[in-house]
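Chain naming follows the written order as A, B and C, and within any one chain the residues start at number 1.
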Amino acid sequence: MTKKPGRRVTLFVTCIVDQVYPGIGFATAKLLQAQGIAVHVPRGLTCCGQMAFNAGFRDEAYAVAARTIEVLRGHGDVVIPSGSCTAMIRHLYPELFQRSPYAEPAAELIARTYEISEYLVDVLGVEDVGASFQGSLAYHDSCHGLRYLGLGRQARTLLDHVAQAELRPLPGHNQCCGFGGLFAVKQAAISEAMLSNKLADIEATDPDLIVMGDASCMTQISGGLSRQGRRTRARHLVEVLANMTNERP
Amino acid sequence: MSSQPISFYERVNTALDDTSLKTALNRATERFVGNRAGALRALSDANGLRDAARAIRAGALAQLDTLLVQLAERVEARGGHVCWASDAAEAQRYIVNLAQARQVRSIVKSKSMASEEIHLNQALEAAGVQVVETDLGEYIIQLAGETPSHIIAPSIHKTREQVSELFHQHLGVPPTDDIPTMTQTARRALRQRFLQADMGISGVNFGVADEGAVVIVENEGNARLSTSVPRIHVAIMGIERIVAHMEDLGVMLQVLARSATGQKLSVYTSIINGPARPGEADGPEEFHLVLLDNGRSKMLGSQYAEALLCIRCGACLNACPVYQAIGGHAYGGVYSGPIGAVLTPILQPDLPDVYLLPQASSLCGACQEVCPVRIAIPDLLLRHRADAVKAGKAHPIEQAAMSSYKRMMTNPFLYRAAGRAARNGSRLIGRKGRIRRLPPPLHTWSRGRDFPTLPAKSFSEMWEEEN
Amino acid sequence: MTRSQILANLHTSLASNRPWLEAVARSAPHSIPPYVMPAADDLDAQFMAELHAIAGMAYPVADERAALTQIAALLADRPSPQIIAWEVEQIGLAGLAALLDQQGVTLATSDLHGTSRSAHLQNMEPLAICISGVEAGIAESGSLVLRHGPGRPRLASLLAPCHIAILRRSQLVRGLGEALALLRNRYGEEIFTSTSNLTLITGPSRTADIEMTLSLGIHGPPEVHVVLVG
């Protein structure tokens, strides 16, 4: 593991982490800083626009995403602790901004935007961040990271190196948890049916922590575990890697 | 189908409450998913084959105008007849008129989603012609008075007990729980219908432009019987289901069978070129090809054109967690699952609630992952959602929420203030770090899930204090 | 009229989307792979293994005489005074006519054209055996390629519950792509000049429409016996 002194990244924590799970933002920053990287959080960052885009409100998504592009302009590599928001930028900004003045700036942003596990493993070449966890883990592949960014291998590599942890295989690890943004509210019954499959798979594995790369899926899975009074806790990958698993219930 | 008056949400809830449906769906989709995965693993280059399939289909669509003309001319040169039908009514009228002109009393039909699309059976029955579905699954649901719930396995939702009861009622055989016995019962009953039929109606998996042929793929043999035994064969083909060259089948048939059922090839592939030739002992005296447009020619120029690459394998249904939960009928259209949610708003725009179908997806992308021609189904669903919003279909509460979302997310001061208010509010209604009941319109979330209480300060507020 | 309306719509649509479709079409080669599975050493063994895996039967025999013996055994197990078959010269197995004569088996008249289609069919319905030749066999899927036509009725692989097919070792190809190329090489533009139908048969008729449970012979033959000669 080599330190990368002099390197600087911009951290875009995403709206849900900013408002609901600040610990994930700090864990991400801590992981990057441990690699000798200076972390910068631009003032006034809000949201990638995915919530509106996925609901079909493209004008609203355009306004929000265009502003995000402006705030991130000229800030070097952007690292995001979310496969879904990274996929929004990489996969959907081209459609959102096609034939618009932001087509070019969007492409420029895409070229320097990374999800955190991808940045650690593929860009920095880090496999062991020096984390330890006394207990069992299982990893859930969040859909957008898995299918639009090809993630999964990176997180498993990093988790494999967490000292003292037992990484258990999760049946249905690549099945959707049923979150899907507003889908979870607008199609709540279907969303819950999908969640109950996920909870059954987690119960069969019975890990201390179910780990994933997206705070949104974590909200869904954690919400189900909590309602059903299960012992397993849901954590973001960066919380495990930064030894920050004890800061939430 | 169109006669179902209940709303999409009611259909969903009915499906979610149906435990025998859940068992049947689990059994079928798990089997299909496993078979498909095994069949693709056994290939030397599964991804290369899928890439080729996508390229071949796109190349055919890029010259759909010339290929269709070529197909029609070659069918006619062999003595076949071609009907160009711009909509369901025209296709129906052609087939009903033909049946009446030829004194057709009884028709055997092999599986055709296009015929479902034009509600052909109802039209023929109204004209006094007997129509029997001969694919076992289609036959079962015809006896039950239902519609297909899966492209490949239309009676996926029926248990053996339900099938036994249907056969007992309609065919007078004693009830049994032995599936091979039921299969033989159906064979005997349907065989007589084949032998007496005046006309056979089939779908088309691929039209082959350079040969003027139609290709029909099946496992049972009912399509072979329907297209070989009666004196008239009518094939109904969606105009997009075309390949340029017969050799293209070397790719398309292999990805179709593997994606649909995990077979290397389906049991029977019939490549049919016009009516029987002089000296041929069997085969029809007349061959009619109905080229059904029904919205496709315009769709080709739209942002949904990619969905016309579809070869109706059903893999996206099996892979879809929403389909796995609610089955095919909840979608309400002829085509269900992810591809149905893309196609139905275009092909059956008048169905009530049709704009809701593209909402029935968590956008997980499992459909695109398994699609043999790699259709970007989630992207197409997102375009439908955007169209629905443009058409004013969004709920007023959602519209209001989205305009405040935009105001909030483009104004950092507002964003902070709103965040602070939400965080304070959350700690008023939450206990021990969790909220068990969220206020409307978010209350649907908390029916089965807790929500965390929000922290006193946001990440950015704390970061700015520390840095 | 409808044809011109549909074509006009297609022209308009392609004016906007043809470039995109052509780009997708160019994104991968259209070349048809001759076969798609890892190559096996032995085509006969691969063909037989694949056919067995889908509940078909294969009988490898050394020569025509052994083939006739095998067919006689199959006929003896299923006594049938009449069978539905290709004309013997189309099957191309020397001595088959004599064997059938000797067993007292005649060929049913399978010509459906004319006024008594249904009566002909009713006469054939009770028959137990179909015999056909083939155009080719496909090793990696256990498939038979049948090119129907005069003297080669479709019903001779379809109507009766037992289908016996005569396949020469020399007719085996590895994959579907190779089989289609062989048809093109052999017949050029004339594949369908004298026939209205080509059929690939991959094992016995099957269905899993009730509870995903496999059962054989729902409409086509539940038994497929391939006599592999040479």
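Please note the rule applied: a residue touches a chain if its C-beta (ideal position, glycine included) is under 8 Å from a C-beta of that chain, and two chains touch if they have at least 3 such contacts.
Per UniProt, the chains are B = Iron-sulfur cluster binding protein; C = LUD domain-containing protein.
This structure is a prediction, so every number in the text was calculated from the model and none was measured.
With respect to subunit A, maximal separation of chain centres occurs for C (centres as means of Cα atoms). Ranked by the number of C-beta pairs in contact, the top chain pair here is B-C.
Mean C-alpha position of subunit B lies 29 Å from that of subunit C (LUD domain-containing protein). We define each chain's centre as the mean of its Cα atoms; on that basis subunit A and subunit B are separated by 33 Å. Each chain gets a centre from the mean of its Cα atoms; for subunit A and subunit C (LUD domain-containing protein), those two points are 53 Å apart.
Annotation for subunit B: no residues touch 2 or more other chains.
Per the touch definition, subunit A reaches subunit B in the complex via residues 13, 15, 17-22, 24-26, 29, 41, 43-47, 49, 51-60, 63-64, 67, 92, 95, 143-144, 146-148, 174-176, 178-195, 197, 219-220, 222-224, 226-227, 248-249. Against subunit A, the residues of subunit B that register as touching in their complex are 9, 12-13, 16, 321-322, 325-326, 359-366, 368-369, 379, 382, 384-389, 394, 398, 402-403, 405-406, 408-410, 412, 415, 419, 422-423, 432-434, 436, 441-442, 444-452, 454-455, 457-460, 462-464, 467.
If you check the complex, the residues on subunit B that touch subunit C (LUD domain-containing protein) are 24, 27-28, 31, 42-45, 48-49, 51-52, 54-56, 58-59, 61-62, 64-65, 68-69, 72, 78, 84-86, 90, 134-137, 140, 153-156, 158-160, 163, 179-180, 182-184, 186-187, 190-191, 194-196, 211-213, 219-222, 224-225, 228-229, 231, 239, 246-251, 253-254, 261, 263-283, 285, 287, 291, 293, 297-302, 305. Within the complex formed with subunit B, the subunit C (LUD domain-containing protein) residues making contact are 1-3, 5-7, 9-18, 20-22, 24-33, 36-38, 50, 54, 110-113, 117-118, 121-122, 125, 138, 140-143, 148-151, 153-155, 158, 175-177, 180-181, 183-184, 191-192, 194-213, 215-221.
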